[in-house]
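In what follows, structures are represented as structure tokens.
Two complexes are shown next, each including chain A; its partner changes from chain B in the first to chain C in the second.
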Partner chain A sequence: MAQNIPADLKYTKSHEWVRVEGDVVVIGITDHAQDSLGDIVYLDLPEAGRVLAKEDTFGEVESVKAVSELYSPVSGEVVEANTGIQDSTEVVNTDPYEGGWLIKVRLSDPSEVEALLSAEEYGAVADAEGH
Partner chain B sequence: MSKDTREPLIFDVSRPGRVAANLLPKCDVPYQSPSELLGAESLREKLPLPEVSELDVVRHFTHLSQRNYSIDAGFYPLGSCTMKYNPKINEKTAGLPGFAALHPLQPQETVQGALELIYELQKMLAEICGMKATTLQPSAGAHGELLAMMMVQAYHAERGDTQRNIVVIPDSAHGTNPASAARCGFKVKGIPSNEKGCTDLAGLEKALEGGNVAALMLTNPNTVGLFESDIQQICQMVHDAGGLVYCDGANMNAMLGLTRPGDMGFDVMHFNLHKTFSTPHGGGGPGCGAVSVQANLEPYLPVPTVEKEGDTFRWKFDNSKSVGKVHSFYGAFLIAVRAYTYILSLGKEGLRSASENALINANYIRARLADYYDVAYNAPICMHEVVFSANRQKREGDVRAMDISKRLMDYGFHPPTNYFPLIVPEALMIEPTETESKQTIDSFIEAMIAIAKETQENPEIVRTAPHTTLVSRLDETMAVKNLDLRYAPLFEE
Partner chain C sequence: MSDTLRKTPLHSAHIVLSARMVDFAGWDMPVLYTGILEEARAVRSGVGLFDISHMGRIRLFGEGTTALLQQLTTNNVEALQASQAQYSLLTNPEGGVIDDIIVYRVGAEEYYVVINASNTDKDIAWIQQHLPTTVTLEDWSARTAMIAVQGKNAPQLVSDLAGIPSLLDLTRFQYVQGTFLGASTIFCRTGYTGEDGFEIIVPANDAEKIWNALVDAGGVPCGLGARDALRIEAGYPLYGHEIDDTTTPVEAGLMWVVDLNKPAFTGHEPIRAVKQVGASRRLVGLTLPSERLVPRQGFNVFSGDTLVGQVTSGVFSPIRNHSVAMGYVAKEFAKTGTPLEVEIRNKRAKATVIPKKNLLQDP
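This part shows the complex of A and B:
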């Protein structure tokens, strides 16, 4: 099945996407991730101000199948969480790259972004899982 | 759905003044007014208990039982759950008045047979898994995991090794493993599986660095249905790092009389008597998740333990190192009676034969369905269960594992386990057990092949299944998001 993997984003092996907006990055989960999880029913998101190291757990996403941890692709401070969608978690399924974003983080080490996967590299990761 | 197929609650059937025949003898205790005994302010004016006839009760509960799918009704290939047939002789022995009518506070000399049964079953389980001692107290597998982690903690504490706060768990584990470790206060460190679906030794080695690992929790055979062939090396690595190794015994049905966790190097394990030893799987209990330990953990077993002195059995409560009691009295005793009956019925050769047939049945399904469904990790052989991925069906017909499971209900089978283990996308985990005939397994295989063909020719019928059940596809998302368990009358008066 064709997966929606926007070329202008960066990705992780654990299925998060990253969009750079100046010194802040927006983070969410990929279309492949939401499709594999199924209907998302609960989101646990961090408070603004929390300081994350790269690969720290920043929250949880619960679907009808499983609870999965969310890993921060970068180091930095959480400046905003998309708490507005916690009562309408289906947005993560229907609009994972725009309305379904999860957190915004102010980068403490911008070079970390370069080390993330490109859309092409992430596509290979998703393919290896059977798409 | 044209007809309302909901079964009313017993409260909905209630009509004022309706009663069953009352054949009780006249009460020989003098009547006392509840308001005098409790105070009028403590009494409710209305107590809406159902008022029904005997026939109302019989029909209501018969209807409910007819809606239940059970192993007595059909094939139940629910992976990881070992839904084998529970021989009726187990119920016969558990119902003997000498067992069923005991009081847990009876003097020990009047319950010598019961104590002997507990003592003997504990020894049998220890022998089966190659360990030193066993407790029957835990109520179920996860309770056994928790007890094991408590004993691991006590073991390290006695050695002053209190910095050991990490439990290592592979990413294929049952979700109860990290939950049990976390409940005990440990930090959980996950390790990946390798390309064969087994524990990645490099990942384990990295996780063991730093000397803070209290234990590794490992399921063998693992949840992909594969035997961890590096198990001796794995146990050695953890022991060399000062940790202990726990075996999740959920998959013990693959190993009876063939190999023993104790011989592989495990320090402690749990059994699910309801899986391996044919006691009832029951909505929450009573159950027994017996735990066996090597000599190093024996001092920490829960009290009381049963001791044998000459021909006499007695409870032993005094053990200062014990982690204490984890169950009221002595665990679910009548479950122990059933497991004891099963072990004696089959005997040493019979238990081995049970596991051998469980292995053959699973491999037969794997071999016959391998052309139709992707076998997880392309495993050339499996243990007592086989994990398929519905990736091919998802790609070809947008049919998911869940759809295939629902469609199996139309063919008269209980669905297999879905979406577990988490490391296999679109997982379908099938465990036939040893108690099914070749004819039953063949008809299940034919249904799976038919569904694979439907996926190509008419995927819609699979995506919208089930079509023949009383209730069609449930809205699981709504059930999670708008859970409502309050009683509301089904029919207006």
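This part shows the complex of A and C:
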């Protein structure tokens, strides 16, 4: 199945995406991730103000089939969580890169973004996993 | 994908439909096509199709078959008329459940029996072990396919497509042999979803043609994920979750398919004894009205600080839009309305005991 991997985003091997908006990044899970999980029914998201180190667990996503932890791609402070979708979690399935974003983080070390995977590199990771 | 997995006659149809396939009891089966919740809702609102060819189908015939089934199963086979089927159990000498099955009576000494995929080898070995020389066991599984057509519009769809209006007259658990798109077919008014519909048995070579015709007529292909969600909502047990070799029908709430008044069957005495004193635990329905976390098999159930039981199956209910479960709890906590808590990882989720038949919807 063709995966949607927007070229302007950065990615992690654990299937999060990152969009840079000034000194804040928006974080979500990739189309590949939502497709592998299937119907998402529950999202545990952090409160604004929480300080995350790179690769910290920042939440949990549960689908009908499985539970998966969410890992922060960067270090920084959570400025907003998309709590509005916690009762309509299917948005993460249908619109993972826009309406289904999860948290916004104010970067403490902007250089971390550069170290993340490009769309092309992430595509290879996703392909290798297949289904 | 492993090459050792078995494939049903509909396997290539699933691949054409881009199903996501999983290993289920050694079979390469579709877990979903488009999405578990969407497929489950399609069954509740219209018609869903399930490939259930992985289930075992056997034919038993010859002098002594009725006596054999009276001995090995808990329900009363003598009460069955030809063209009727019954839900029943194979029980072991300890009163535990070997499998839950459907017995179809064909004639005085001829039956079909449908058994769980995961138990096919065990069941056939068990029956063979008790088979009198006059009774023949024929394994039909490979020669046939089985499709469940489920949903409130399912009877009409099947009846129209087969051109057999009288199919609509079949009552629950009645079956009839007929022709479906030229293929010899058994139509049985049964299912595992809590909806009306048929389970049909067709020759393996005709399965894909019939499946495709059902899809073209508006049936929505549904995978094992939706099947599991629907059966939990309907409060139906699944072997390996609610029942196994160590659970008796008493605690599982299955005494309605156990006839203690018929001639003694295997497991009769232990079941009668448990019934007399009452089971120490009961299978109950649990509703978690404000919860989206999924209570899964083995999660602990508490009353305050007291551990009172375990979840056997749970799901985010596609129809209720919150989580529901089934589980065994100590009999003191099994009363409808009892407030309990399910431990889901590091959280205590509020749950209330309800009758299993009310998991689908509040009365």
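Things worth noting here:
In this section, the second predicted complex is superposed on the first by the 130 of 131 C-alpha atoms of A that agree within 3 Å, B and C clash if a C-alpha of one lies under 4 Å from a C-alpha of the other, contacts with A are read in each partner's own complex, and residues count from 1 in each chain.
As a working rule, contacts are C-beta pairs under 8 Å (C-beta built on N, C-alpha and C of every residue); 3 or more make two chains touch, one makes a residue touch a chain.
As the structure is a computational prediction, the values presented were derived from the model and not from experiment.
Of the two partner chains, chain B is the only one touched by A:E129; chain C is not. With both structures placed on the common chain, the touch criterion links A:K65 to chain B and to chain C.
Contacts of A:V41 after superposition on the shared chain: both chain B and chain C are touched.
Comparing the two interfaces of chain A, the one with chain B and the one with chain C have residues 1, 38-39, 41-42, 64-65, 90, 131 in common.
Of all the residues in chain B, the ones that touch chain A in their complex are 374, 389, 391, 394-395, 398, 402, 418-419, 422, 425-426, 476-477, 480-481.
By the touch criterion given at the top, residues 1, 36, 38-39, 41-42, 64-66, 90, 129-131 of chain A touch chain B in their complex. Against chain C, the residues of chain A that register as touching in their complex are 1, 38-39, 41-42, 62, 64-65, 67, 86, 89-90, 93, 131. Touching chain A in their complex are the following residues of chain C: 18, 20, 31-32, 35-38, 225, 229, 292-294, 315-316, 323, 345.
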